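Across the two complexes that follow, chain A remains constant while its partner is chain B and subsequently chain C.
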Partner chain A sequence: MISTSIVYFIFLVCTLIVFYLSPVKYRNYVLIIASLVFYTYVKFSYVIIILTVISTNYVIGIKIEDSDTKKLKTRYLYLSLLINLGILIYFKYWNSIINNISLFSADSFLKNNFLLREIILPLGLSYYIFQTIGYILDIYRGSRKSEKNFSKFSLFILFFPKLLVGPIERAKNLLPQLGKYHLLNKEDLIAGGKLIIWGLFKKLVVADRISLYVDAVYSNLPSHNASTFCLATLLYPIQVYADFSGYTDIAIGSARLFGINLMENFKQPLFAKNVSDFWRRWHISLSSWVSDYIYTPIVIKRRDWGSFGVVYALLISFIIIGVWHGASWNYVIFGIIQAAALIYDLETKNFRKKLSKRIPGYIYNTFSILLTFLFFAFSLVVFRTTNLSGAVNIIHVMLSGSGKLFIDHPSTMLFIIIGSVILLTSDFIKEYGKTRYNVIHVRGWIFQALAYSLLILYIIVAGVFDGGQFIYFAF
Partner chain B sequence: MINAIRNKIIHNSFMNFLLKLFAFVLIVIILDFSIGTVLKHYYFKQYSGYEFRTMYAMEETTADLLIFGSSKANHQYYPAIFENRLKLTYYNVGRDGTSIFYSYAILKSILKRYSPKMIILDITREFGKNQESYDRLSMLLPYYEKHPEIRSIIELKSKYEKLKLLSKIYPYNSLIFSIIAGNSEFNEERHRNINGYIPLFKELNPKSLIHSTPLHYDLDSVKIKIYESFIKDCIKSNIKLYIVISPDYINLEYNDTANIVAEKIAQKYNVKCFDFYRDTSLVNHAKYFADNSHLNDNGAKVFSKLVVDKIAQDYQKNNKSEN
Partner chain C sequence: MELNAIIKQVNKIFIELFEDESIVLSEKSDTSEVEAWDSLNHIQVITAVEKYFKIRFELNELLNFQNIGDLCRGVQAKLG
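Right, the complex of A and B next:
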């Protein structure tokens, strides 16, 4: 049940009706049942895995808190990590690990005996495993108490709007909100509705339209030239941003309809002025999770290493961010490239500070934004291709050739341009302050109603609803 | 007292919210209806482009010979060769990226108006199971209201199609620029066609081939059923039907699974099926292909001669026996 489908919205409306008709004290149960139905609809066997994670970590959380000695707390922590990471590695990384180990051995013993043929990755697994580990680490460090109410803890993990695409929530933000519901708050309903519409625009109008073009290019690599690769490379970051942040907006908007505020996950990342700034704005729930639970502890532990400790921590953190996206070497390389850029940022901080004082602010900032965007776009070539040689080949073609730009239908490009301009203009306005030209933020409900009506209608006019829209690259 | 006032304020504020929500929904409905009506008007006024050719096929053509199928049908059957040899008027209703669903919907609309003398259905590798074939039924959405005979086919797209069609704009999703071009002068050069046939002038570079067609794949029983319905409807309307399997560039040792099924079903209904899938005069000749699956204009001429020879033989034999 993807959150842009009709089924999702029928499900959401039904859940909202039952939720608001139920007494406040039963609303957690309504949301738990709805979340279980939602996950069962995706695949029944996934429910068993998530229930295992919930029940074991609920008990372990309490045990860690109740343990008298640090040694015992640490044992429980390791048990939790073993269960959570074991499940994650088994379902997400096992086959990749076996395949990579097999590369170093001549016979196919490992492949024949340990490769899992029927393995299916449970949707949302990485999100809820990271969320659970964060909760357990908080208790272990003593920064929060364990949750004794099982229904509340279950909902913390299960809450359906964020189950499949995040954000990776923190216990300190989400747990206190569960159970404290308003009778009916119209501000929540309006804000949630607006976010959902905007998320649908990002996903269906911008991301899915660009993906038609980018997919047509990447699925026929030998047929394309430098100009086409350059355009696909520049469009891909906008696609990924619109796709991921679109889903996140729908998730945050859906949660808001129930009066629950999920954390912000994207903050105009395409207007970042350097790579460090970019990672403070992009997939914030993951980057802040890695920062809190991996980067900072390593920096503290390796403080006697000086700046090498920071470099080491960055490298480890970004390899984890890379691998989090999937079990493939191109994600590892993507992580290393990001880490290298952050190290460069760190080393040149003083120089850039001096430079910024000599150049007018608007020129310096514009160049910084463009350079950061270009860096991210080119680093995504590794992310988008399934193998490193493909990425190297694309970059080689881009640097050495030229050629006629592939445009299948002018309408595809027009839809892409209009969608991207609306998205980037909205982000620009959010970044540099509200103006009277921003119709989405104007006061006065008539103008807002008109603006959002037009946005809905534009989604119906220009959205990509299924595989009905396609680029026929055959000729 | 305080509680009563508080309740009244909450109640009024909530009523106010409900009224605004109702007004918002009303604005959306009115705008959807107005914009949808304008799009519909201009969609059916087009005089060129893909949408125009679908509309022409469904509502206007009266040709004796119709070519049905997907892109292979659209780019591989050279009109003059068929017209001169068979002495029949020709129109090509094939369209890129379509499946047997589209062909059957077009046939049903045509049969409501008239029965052509002959139909050639290109059915090469048609029955593979894939969601795209269903999704691409969106090409027929503008006809849902006007052509009740094809509704059951459009509804194969998804069970929520009827619900989505409550929106008047939805049938014209992603078509706004095509509609503008289809109603403007500057589109004269768009998809230039000869009686529906669109020639491809590119020549295949064999080095650019990166994937071959899989030999074994799951077959879609719904597609096979629709194929059978297509044959039955032609027989019922006394239309001379020929099934053709056209070549791919790459020569495969074995025939494609779907092609074998298509031939067997044709045999079952006593319909002639001509298989050129591994025809040595075309296969592996890059100069005749635009890409792995489509013949270019030169290839189309060679292929059309091969097809028309077979058809003429059978057609004349049948005509003699009827006389």
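Right, the complex of A and C next:
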């Protein structure tokens, strides 16, 4: 059940009606049942996996808290990691690991005996496994108590708006909200509805339109020239951003309709002024998770190594961010490229600070934003291609020539330009605070109603309604 | 040592580290308040504080510090 489909919205409205008609004390159960129905609709076997994760981690969380000794707490932590990472590795990485090991052996014993023929990655697995590990680590560190209420803990993992695409929620944000519901509230309905419409616009109009062009280029690499690759490379970051943040907006908006505030996942990332700034704005729930549970512990443990400790921690953290996306060397290299850029950022921080004082602010900031965008766009070439040689080839062609720009359908290009301009203008206004000019945040209900009516009309006219594809479902 | 005196000293460390005289820390100051202080150079802050006060924090202590107040109370506890 994709959250841009009619079925999803019928399901959402039905759940909302039952939710608000039910007494507050039963609402957690309403949402649990709705989430189970939602996930069963996606695929029944996924439900068994998620219920295994919920029940085992519920018990382990309590056991860690109740353990008297550090040694016992650590044993329970390892048990939880074994279960969670075991499930993740089995479904997401197993075949790739076997294939890679097989490269070093002459016979095909491993491939014949250990390759899983019909393995399917359960949707949302990486998101809820990371969320569960975060919860367990919080208890292990003593920064929060385990959740004793099983229904509340189940809903924390299962809550359907964020189940397939995140945000990767934190216990401190989501758990306290579950069970404290209020009456149907106009503010929540309007804020949630607006976010959903905005998310649909980002996904159906901007992302899916751009994907028509980018897919046409990437599906036939030998036929295209440098100009076309350059345009596809510049459009792809906007596609990924509109795609992922569009789905996230629908998720956050849907949750808001129930009075639940999910964490922010994107904060105008295409206006980041350097790569460190970018990673504080892009997929925040994953980058902050990695920062809290991977980067910080490593850098603290290795603080005697000086700046090499930071380099080491950054490399590990970004390789994990890369590999989170999938079991492919492309993602490992994508992670290493990001880590290298962050190390560069760190090493040149003082120099850039001095430079920024000598150049007018608007010029320095504009160049910084453009350079960061270009860096991200080019690093995504590795991310988008299915094999490394393809990425190298595209970059080689881009550097070695020009050629006539490929335009498949002029209307597609026109919709891409209009959609991207609306999206980037909205982000620009959010970033620089002039909210009264922003169609999404204009004051006065008449202007708002008009702006959103126009947006809905534009989604109907320019949206791609063939179901499309969500890039981040695959992760 | 008084908490305020520790905050004052940590403030000096911040000014020196980030070369910014305008930094004024309070108990509630965190990374969102001090522009230059982020997760990348957080460890420089910690090592500078440990070096100055001649103390060593445990991993778990450091992971649970949320703001300057927590850090300075941590220093206070170590100094006895």
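Convention: the second predicted complex is superposed on the first by the 464 of 475 C-alpha atoms of A that agree within 3 Å, B and C clash if a C-alpha of one lies under 4 Å from a C-alpha of the other, contacts with A are read in each partner's own complex, and residues count from 1 in each chain.
Everything below uses one rule, namely that a contact is a pair of C-beta atoms (placed from the backbone, for glycine too) under 8 Å apart; a residue touches a chain by one contact, two chains touch by 3 or more.
Quick caveat, the model's predicted, so the values are computed rather than measured.
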Sticking to the clash and touch definitions up top, decide whether chain B and chain C on chain A clash or fit. fit
Quick check for you: in the superposed arrangement, does A:P222 touch first (chain B), second (chain C), both or neither? first
Give one of first, second, both or neither to describe whether A:F44 is in contact with chain B, with chain C, with both, or with none. neither
Is A:Y362 contacted by the first partner chain B, the second partner chain C, both or neither? neither
For A:F351, using the defined touch cut-off, is the partner it touches chain B, chain C, both, or neither? Pick first, second, both or neither. neither
Comparing chain B and chain C in the superposed model, the one touching more of chain A is B
With the two structures laid over each other on chain A, which partner does A:W445 touch: chain B (first), chain C (second), both, or neither? first
Minimal inter-chain CA distance - chain C and chain B, angstrom: 37
Residue ranges of chain A in contact with chain C within the complex: 141-143, 276, 280, 291, 295-297, 299-301, 303, 309-310, 314, 342, 345-346, 349-350
Over in the complex, which chain A residues touch chain B? Could you list them? 6-7, 184, 186, 189-190, 220-223, 409-411, 414-415, 445, 449-450, 452-454, 456-457, 460-470, 472, 474-475
Please give the residue numbers of chain C that touch chain A in the complex, ascending. 19, 38-43, 46-47, 59-60, 62-64
In their shared complex, at which residues does chain B touch chain A? 13-14, 17, 20, 23-24, 27-28, 31-32, 35, 71, 75, 96-97, 131-132, 135-139, 157-158, 160, 163-164, 167, 169-170, 172-174, 176-178, 181, 200, 202, 207-208, 210, 290-294
